[in-house]
Structure formats: C-alpha cells, structure tokens
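The structure appears right after this line, and notes come after that.
Each chain gets a letter, A, B, C, D and E, in the order it is written, and its residues are counted from 1.
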C-alpha cells in the first residue's frame, strides 16, 4: 500500500497558505482578499486532516477541528461579505485602497 | 456520551456562560418579535441586568475548586475566574456606554443587535478564558472576532463605520488564518487538542525538528494574539477601526477584546510553552530562549504606539495609539514571565479598563454634544464643564501613569515583575519608562486643550446634560481609578483570593 | 489490502468520469471545427441587446439581493455539514445528540427568522 | 499623627476652595494663604519639640498599605508597601523651609491676577507633594509625592507664567518626567530585588547584604543604580548638562512659583542625593566622589560664567542657582563632615536666598514690566526700600559673612580643602566670580542711570509685601549669625551618613 | 466484469477499462438525452393536444433530435467580441462535467454501478452543486445584460433550493445511518422512503425541479423576459452543451429520486422480484421523468419573488421540521 507522505500534504498546505497570504496582502479587490483568506483557511484544513490521518500521533480530533474551521470560515466570510455590501452601498467601490477616509 | 456522563458534569461551573447565553438568546428573540415601532432602549438595561447576574454567579463560584467539565474542554480554574470577572465587569461598563449611545442617526434600526452582539462577543471571551482545549479556544476567539466585526460596522449607513468594519474583517481574518495555521501544527505534532495533554507531550519532545515546528506554531499564533491585543506589527488596524467604530464598540475593542487577547496568550504560553524544551537536550525551556522576541515586540509596540500618538489630532486615534502602547506595556510583563505575570496582567487590565472606558465615555459624550472627535473640540471644556474636564484629566493621568492613579500601580507592578526575574531585562524596562515619558506629552496635550484653550464660539455646546448611564460609568471609573491608585490593596488582596493562580500554573 | 484496492478503484472511476466530462465538450467542439463554417462578420460578433446597439459595460452592479442570498446560503450550507455526520451517526449518538442538534438548529433557525424579519428574504 | 496632619493639612484648604465661587477672589486668596499656615505652625512646633530635646522618631507613622503577591506565610514584609512617614533632623529642616516658603509664596501670590481658584488649588497640591517628599520613610511613598509635584507645577508654569511659559512647562515636564522615570526604575529595581521599599531597611540591607535580599545586587549594579540616581536627581538639582529646562522655568514661571521652585523643588534633588545616594550606596558614592567634585566645579564655574554675561536678571539668578548647586555637589564630594554639613547648609540657605531674590524680581517686574538689566537702573532712587532688600539678597547670595550664604559656602569649602585642596582652589575662583556677577547685576539695577522711572512712577514696597521680605531677610541673617539653629538638627543625619551608613 | 476488476490494484490498465466502460455509458446517456428531448416534446405535445415532432425519422419523429444535433454541429461558432473569451469557452464545460460526474455513483441495479463509494450521497450533492458555477460563468463571460441577469438569477435560485434539497435527504440518512447509496436502497426493502418520508419526497422533487431550472422554476432562461438567460450569447455546439448538461442533470435527478425514495431497483412487491432490477429501475425512473415533464406542462412560470420566498420561507423550515420529526419519531420507536 503506497500512500502519499505527510510532508507532501504539509507542503501543499503551506503553498496554498502562502498563496492565500500573498493574495490577501496584495490584492486590491476586497472580494478577492476574502477569497484568499478562505484559501488560507483551507490550507489549515488540509493540514488538520493530513495530521489527523498521517501525523505522528494520528487522532480523529483533527477532523473535528477542521469542521469547526469550516464553519468559522463560513461565518467569517458571511460577515465579511455583509460588511462589504454595506461599504459598497455607501462608497460604490470594492477597492481596498479607497477605504481610506480616515487616514491622515 | 450518554445522559449519565452528561449529568455527572458540574454544570454549575458554567453558570455565568449559561446566563449570558440565555440572556442574549432571549434578547435576540425579543428584538425580533417586538414591533418595529417600539424603542429598543430598554433591551440595554436587560442586557446589563444579565451581565450583573452573571457577575454574581461568578462571584459565588469563586470558592469552588478547580473544575473541568466536558472532558477538560472547559476549565474553571482561578485564572478563568479572575479574568472572567474582569471581562464581565468591563462588559458592564461598555454596555452602560452602549445604553446611552445616541449618535444621531444610524443606530436605532440595529439597536437590538447592538446589545446582544456585545453579549455574544462577551460569551466568546469567557469561553476563551476558561477553555482547556484548542478547539474551544479557537471557537471562543472567533465568536469574539465575528461579533466584533459586526459591531464595528453596526452603523450601516455611516461610511467610517463601514470602513472600520471592513478593515477589521480583513485584518482579523488574515490574522485568524495565520493563528489557525499555527494551531494546526501544534495539533499535528501532539495529536491532541487538549491543552494539558498537549503541554505534557511537548515537554517530552526533544526532537529539534519538532521544536522548530513548535517555534513556527508559536510565532504564527503570536500573530493572531498580537492582532487581538493590537500590538506591533499587527496594530495597523487599530487606529482606523477605533476611529470609525461607534464609541462603545471602540471601548469594547480596546478593553475587552484586548483583555481576551492577553488571556488567550497567557493560557497558550503557560499551558504549552513554559515547560516545553527549547533546545535538543532540554537544557533550556522554550520561553527562556524565545522571550527575547516577545521583548522586541513589546519594545517596538511601545515605541510605535507612543511616538505615533504624538501626531494625532483625533482623540479616538490618539487613544488607539495609546492603547497600542498599553499593549506594549503588558507585553513587557509577558516577555519577562515570572511569578507575578498573571497577577500583573490582571491588575493592569483592571486599571486599564477603568481608565480607558472612562475616557471613551467622555469621548462619546463629547461626540454627541459637539459632533466631533477632534482633540480641538475639547478646547475650553474646563470652562464649560469643569467636572468633565477634571474627570477626563484623571483618566489621562492614569494612562500616563502618574502616581495616585491605578495606572501607576499597574506600571509599578510591571516593573516589579520585570525586575524580580533573573536576569532582568533592563533595556525593556528602560524602553517602557522612556516611552511613558513620551506619552506624557500627548496626554497632557489633551489636558492643555481642556484647561487652557478658549472654547470655540459655536454657542457653547458642551454644557450638555450627561446621560444617567454615562454618569454611572464615569463615577465607577473615576472612583476605581483613584481608589486603586491610592489603596490598591483592595484589588491586590482580592487577587490573593486566587492564590497567585497556583492551580493554573501548576 | 483488498479494501484498499476497492477503495482506490472506486475513486479512479470518479476520475474517469471527470476526464470524460471534460473531454466530451473538448472533442466535440474540436471535431465541430472541421464541419462548421467560418464566415466572420462584425455584426455577428456584437453582443445581443434586443436589436439596439449595446451601450455601457454590461457588468452592471448586481442587485444586493444576490449577495444576501449568497451569505444565507453559506451559513445554511455549513449547517448541513454538521447535520450530515450527525444523521449518519445518529443511532450511536442518541438522544443527547438530538437535543444538542435541536439547540444548534434552533439557533440557526433564529438566524433564518432574523433574515425574514429584516426582509432579506424578500425579492423585489 | 502629627506628620500626616502636617503633610495633608493643605487638603482642608483645597476642600474649602472647592466650595468657594470663582469670582470671590479675595476670599480665595485668604483661604489659599491660610491653608498653608497649619503646616508652618506644625513644623515650627516640631522644631520646638526637637529643640526641647524630644526624640524625632516618636513621630514615625507606619500603616499597612498594600502588598504585591501573597507571601504572608513566608515573610509579611516581603513586597509589602507601607505608608511610612518619619523625620530626622535634616528632613525637619527641609519641612520647615518648605512650609515657610509656601506661606510666603502664597502671600506673594497677590501678583496672580487671573483664575485664582485654580491657581491656589494647584498650589496647595504642590505643597502636599513637597512636604510629603521630605517626610517619606518609604521609597515608593517618596516617589508618589515626588511625582505629585510634577503635574501642578506643569500647570502652574504653563497657565500663569509669562509669554513662553508653555514651552518652559513642556521642557519642565519632559526633563523631570525623564528624571522621575529614571528614579522610578531605580526604586523598582531596589524594591523588586529586596522586597522592601523602606529607606531605613534599605540603608541597612544594600551595603551589608542583609537577609531580605531576594536577588543578589552586584557591585556593578550598585554603581549603575547610583549613577541612575545621580541622573534622576541631577535633573532636579540641576547638574550641568541637564539644566536647560530649569532656565526656562526660572524665566517663564510666575514669581511665587519660582520662589518655590528655586527654594524647594531644586532642593529635592540634593535631598534625594544625600538621602538615597549617600544613604543607600555609601561605598559607591565614596568612590564616585571625584566625579562629583568635577561635576560640582563645572556647575559652579559654568553657572557663574554664564550668569556674568546675562542681560536678564532672572537669567542671572537662574545661572546663579546652577552655580550654587555646584557648591552642594562639591560639599557632597568632599566626603567628610564639614563638606556634608556645608552642602546641607547650602541647600537651606540657597532656598531662602533664592526665594527672597525671586520675590524681589516679581515685585520689580510688577512695577517695571521688565527684568532686563539694560532697561533697569537707578531704582535706588525711586524704590529705596526694595533696592535695599535686593542688595541684601545679592550680598547673601555671594556669601557675605554674617549671612547664611557665607556659613554654607565656608563650611563646604572647608570640607573640600581638607580632602581635595586642588578642587577647592579652583572652586574658590567660582566664589569670586559669584561676587562679580552678582554685584554687577544688583548694582546695575539699583544704581546707575534711571531708565524705567522716567516712563512710569514706581511704587515702593507696600502692604503684604513687607512680610516675605522681612521674614526671609531675617532668617537669612539669623542663620548667618547663629548657625547652630541649623547645625543641631542635621548633626544626627550627618553622623549617620558618615559612620553607620558608610559602615 | 467490474466486480473482478475492482479488487485489483488500481493502475493504468484499470483506468483504460474503466474509461472504455464509461465511454459506453456516456454514449448511452447521449442516447437518453436524444430521446428524452424527443419524449418531452412528445409528451408536451400530447398534453397540449398537438402532435409534437413527427416528420423527421419516421412516424414518430424518431430522428428529430439527431437532426437538431447535427444542425447545431454545423452551425458557425460565434464568440462575441466583448466576451471574456477563456471563461466563455470554459463555462459549458464547467456546466456539463459535474452533471456527468455525478452519474458515476448512482446504483442502477444491485450490480450495475460504476463507483460504489461510501459517501455517495454526499458526493452527489457536492458535485451537482458545482454546475451552478458554469451557469454563472456563462452569464458573466457573455458580457450581455440578459445573460448576466440570467446567470445571477440562476445562481440565486440554485443556491436557494440547494439547501432544502440537501436537507430533505437528511431524514433518509437518519433512517439508514449511511451515506452509501446501496445501503439506502437496501434500507427500503420493506417500505420505500416515499412512504416514510413523504414530506422529504415532496421537498426533494420541488427542489430538484428548481435545481434543473425547469418550468415552473425556469426563470434563469425565461425566454419572454431574458431572451434566453445565461446562454443568450451561446450558439452552435456550445449552446448544445448547456442543453446536454441540463438533460444529463435531469437524468441524474431522476435516477437519484428513484434511488432515494422509490427503492431503486427493488421490486414493488417482493413476489414480483422475478422481474430484473434494471427493469424496475427503468420503470420508476420513467415515472419520475414523466412527472417532471408533466409538471412543466402544467404549471405556469413562478414569479421571481415568489420563487425565492417559497424556497426560504416554506421549503427550508419544512425540511428542518422534517429532520427533527424523523429524528424524534426514530427516537420514540
């Protein structure tokens, strides 16, 4: 039985995470930023599930944790979108660089 | 899990949480079913009453021994008790602020939500305070975060409020993701999410690769905490969010959210990292080697917070930077982890809560009367409302750490903690004191406006009556600031009740 | 080992279906290229707009409603993520889990009622 | 209970003032002045008791205040902070000086024209702070009172001062803030490492390595702490490179406040240096004495030179203060009885003289609206009495025999000559310079061509102004003629510092 | 044949064989689609008292759809100038692939199933949700106002009805305790779930009609208001793929309904089990498809606001209620 080693999953997760982080920090469109955050959270899920199956101390907890992560991510993105809507209604823009009326 | 095991738990230990949960659910339903024409004001008092009941029930739990229920996911140890008390009390003050929050427009349609979202956030912090499990910790953290995102943007039609919320969400969710990534490593290496088990697993790990990953996990989690407590390098959100968010929310963020950040930080560090080995042979503990980084963080935070605060012309922004600086002071105490650390943080948080909520109460009042949060608008306050000016000065002086105020005792305590560990970090202490002196300038700057500048001509708007709930907040805060400054024994002896958290530190 | 093979093969089939699902349009369209005529004409390439000349960019602002429903969807979809494992393991979990799930769904139901009351569910 | 009553007696005045309406200016003035009296009377009473041979230790007060951590089972004293007040001869003298100057400054505050209520409130808070500093037996308490002087002082300077008082107040705040910050660090290190903040206990523990020492304090650290103390009190004193703020304050603050500032606040630095620097780190202090002497010389000569070239009389006085504080340092550096005695004498005597001179400056400014030497002149003709007092003050300042200044400078230099004749020789140069610049300034004002009088009539001393002038001159001469008045109380302190503490 | 193969180690050989089998199946599906369209037209014609296609390919118009497809194949391929080209090309693929993929797990009889995976039901629901992405992409990529509105409507509608759809089957999962479709069929040995879960069945049918974007829920492609909705700009074979996806999806839905509620290949009564399972399945499946076509003929198109409100305010609470009624009943008995 050959199976993919843990390190492969971890690397994949890390790559995803870095991509997400990069996007979240550099993108201008807020929707894309929120999506990038989702990407990061999904990287976490990969980590958790991989560890829970292949980690040094496998246990089911990781999968439970990932369920929580998923729901939290959903809540976060829902709130994020809602706030974005409110912002858009007042500002007519989803560009993160235009969210700056308070900067001096 | 069958019914017997479920009933065998001592659910009484969770009473305060249940009370808050119940109150917020009821509030939520009432708010939904109440016809739109009725004002939601009275709901605020209901929430306040709920928090009061929770405080009472928590006080009655103090004699209870350390209990852990739900398979050690929920722990009621002395640490949890002490800090939950701070959180609840702070919430009480913030809710009083919220009760009297009348920004003119943009809040009445969501006033019901305004109150119960505070309670959900509070519930999150309380769960964090007594969580014995990474998952609970994380869920608590997120409950707090998501509620505060909404709270920051609760004035839907107010552009600044929107912007604040947007910034907060983006920064917050990035920080969450990073924290979570760190947590996933922790889980992966130990195979458990229970903090106690995790800690004992980590103690035994001498594999340097694993230790490296622990380190990575630690710093990733540090990102999340440093976001919550608004310390450098993740403080950038704070000024904008503080300025844009409704004032009670700002008070909430700067006090309770920050307190929660420190609580979770302490829990993670003390449960997991204090005993973890820091090198391959286990000669040094993890924190012994890595406290330097926290110290650097603390130093940078203090410097940035205080220096940038000098240039602010908006009082909420100024208070934001000041609160960043305060986070730095508290980080000093974490960087020099020792016997006193938990007590120091407890006391400082209490002091900080009193002075900060007080200051924001005045900011809120002034914002409603003058419609501005610029420091200029405080000009001549002493003429038009001397009592308010003096009260504000007391808070500012306490923040500056002038003797006779709670803030001073707090700083003193930090120093004692810093110097009583060996080897003491004198550079950090010097930074702390140096930046404190810098902070005098901007705190005094506000006082100068209030006392020396002539008021604007606009028909003397400052002579407004102070709302009763605001008055309660102000009197509690002033009295607390002064009493804890002159006879801090009250609070310190109360801390003695918890026996220096010996069951927590183990 | 046998189970493992069985497991792998089943997912291999899924992959096969995926490949086919993608291949069919690709092949069909490529083959179609050989059959279909190609007579370009500027008028053919304009966007259809009931006979008038197209004006403005058509990526107009979406109605806010769509986002509202998207948000609601996300929340309730995640709810089902919890419902499924619970339903599968219901026999083992028993009444306690039922009560817990009732509480959970009740909370979400409040959310639905909230959206209802806030007139989010109205499509106008 | 005398001590707490003495220190907190101004609170009665504060409460009364709070009840009075803003526009009743006369009443405010009376209440404000009267509120300073109890402290004066009580300290005089204490002084009488002391003269009558009573032991000062009987007035000590120790109350449990608060504690950090819970160590009751090991040692009830560990990390406990107590409310400890107590006096010895030296602090008694300082209390007397403070309360006297406070009363006089309150009388002098007639010059304050605006917002008297706020002024007196801050004034009384300032008084509490100053009195408390000298009576604290506990480092933390000391620091509390020390800081308590800071904020009222800031507001007094910036609100009731002259044109550029805001800047002066800020530089005051920043310098003193830094100074007290350094002081706080020292106190906290001592407290954290020993678990106690009682000065007497520390004086035992630190040099001898007593039982309550929690962590070892290495000799290097002791040096570090001492130098930090030197910086902290050096700002207050002020010692040469840290002095700029003080010039601003002297020039910009309202005269009654400068009286207090030059008379008392600067002396806190010297007091602290003697009490803590010498008391807690005697060995290290001893080995640093050469540097102290050098610093003292620099202060003395630098102050004197610059005083010589000033055009503003206030600046002359400000630099003269720096110069005189150099003598204190010299006396401390001498490390013998005479030197120490001289230093303490100088502290008291300069307090009196500076107060007198600044009071006169205030009167002058009120009459002529200027303090510039080039614009003043020939005042002896128009205001003979005032000019007379000015002359007396100037002479006292330059150390004319028969006045307090002479006694202090003489004893200080006696001490220095004994151990370090070279430094004393150089220092003597400074004394000559003092005479030169002081006479230049005073003579330029009193004699010479009349300049201001021509512009507007100048009144001589009148009404309540007599009292400070007479009392201060009287005390200066009294000490100059009968130094035992001072010598007796401070004898014990000196003995302690040189024998017991030096161990 | 599959039986033996499935226990061998996975490899290229398996892949090849599976590929061939799946291709056969695909051809079968294409055949189904061809005749489903024809039958739909016929049934509609019958219900509306007309003939439907009757000329091409003999008496019943048997080759009508084939001719239609050929016509589409030789139509010019037009991609509007302003369209988002890559997405425009990709959209039909995204719409079609999931619809085909879900067929992999459906058990047609007890031994005729491609992939017997443990979480078949979840797989079905998860994958079928993706096709909405294709629809939205098409609407967006066309850069046409009608398309965009159509696409957005489709998205809103599909996600709204996805939730009742997904929740309605929770009752079945509760009763069987498995997500495996074989287990679900096996659990209907005695009673079909349409009897035990009538409410769920109703919700499922309504939601699936809506998921299919068929009348009365065909707002995304409402000809009269949106020209043709999200595929206004599509023509030729690209357009054909949307149609194909729709009908493959119809096939999948019908099969799923059969499996979940009508006992799959199980006979109506146990004494009738001499008739092969495939026949039973085909019968039940045909009934379902017929009902769906019948619905199309019977109901008028719903108004957009009614449509959404119906989904959220009626179906969702009902689905939730169904879950808990099932759970409580199961707890009691």
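Simple rule for what comes next: contacts are C-beta pairs under 8 Å (C-beta built on N, C-alpha and C of every residue); 3 or more make two chains touch, one makes a residue touch a chain.
Just so you know, these numbers come straight off a predicted model, no measurement behind them.
Enquirer: Taking contact as defined at the start, I'd like the list of chains shared as neighbours by chain C and chain D.
Expert: In this structure, the chains that contact chain D and also chain C are B.
Enquirer: As a teaching exercise, work out the groups of chains that remain connected by touching when chain C is ignored.
Expert: Minus chain C, contact groups: A, B, D | E.
Enquirer: With chain centres set to the mean of the C-alpha atoms, which chain is at the far end from chain E?
Expert: D
Enquirer: With contacts counted as C-beta pairs, which pair of chains has the highest total?
Expert: The chain pair sharing the largest number of C-beta contacts is C-E.
Enquirer: Report the most central chain, judged by the distance from each chain's C-alpha mean to the global C-alpha mean.
Expert: B
Enquirer: Distance between chain D and chain E based on Cα centroids, please, to the nearest Å.
Expert: Centre-to-centre distance between chain D and chain E: 94 Å.
Enquirer: Centroid of chain C to centroid of chain E, CA atoms only: how many Å?
Expert: Centre-to-centre distance between chain C and chain E: 13 Å.
Enquirer: Where the centres are mean C-alpha positions, what is the separation of chain A from chain B, in Å?
Expert: Distance between chain centres, rounded to whole Å: 25 Å.
Enquirer: Between chain B and chain D, what's the gap in Å when you average each chain's C-alpha atoms?
Expert: From the centre of chain B to the centre of chain D is 43 Å.
Enquirer: Residues touching two or more other chains, restricted to chain D: which are they?
Expert: Nothing qualifies.
Enquirer: In chain C, what residues contact two or more other chains?
Expert: Touching at least two other chains: 70, 77, 94-95.
Enquirer: Check each residue of chain A and list the ones that touch at least two other chains.
Expert: 75, 77, 82, 89
Enquirer: What is the complete set of touching chain pairs?
Expert: The complete list of chain pairs in contact reads A-B, A-C, B-C, B-D, C-E.
Enquirer: So in the complex, the part of chain C that touches chain E is made up of which residues?
Expert: Per the touch definition, chain C meets chain E at residues 2, 5-6, 8-22, 24-26, 28-29, 32-33, 35-39, 44-50, 54, 57-60, 62-63, 65-66, 69-70, 72-73, 76-77, 80, 83-84, 87-91, 94-95, 98, 101-102, 105, 109, 112, 115-116, 121-124.
Enquirer: Can you tell me which positions in chain E touch chain C when the two form their complex?
Expert: Per the touch definition, chain E meets chain C at residues 5-10, 14-15, 18-19, 22-23, 26, 73-83, 92-93, 96-101, 103-105, 114-117, 122-123, 140, 142-148, 152, 155-156, 159-160, 162-163, 166-167, 170, 173-174, 177-179, 227, 232-233, 236-238, 241, 304-305, 307-309, 312-313, 316-317, 320, 323-324, 327-328, 330-331.
Enquirer: Taking the touch rule as given, give the residues of chain B at its contact with chain C in the complex, in rising order.
Expert: 1-3, 6, 25, 28-29, 32
Enquirer: Under the touch definition given earlier, write down the residues of chain C that touch chain B in their complex.
Expert: 93-97, 107, 110, 113-114, 117
Enquirer: Touching chain B in the complex: which residues of chain A?
Expert: Per the touch definition, chain A meets chain B at residues 13, 17, 20-21, 24-25, 30, 33-34, 37, 40-41, 43-44, 47-48, 50-51, 55-59, 61-62, 64-65, 68-69, 72, 75-77, 79-80, 82-84, 86-87, 89-91, 96, 99-104.
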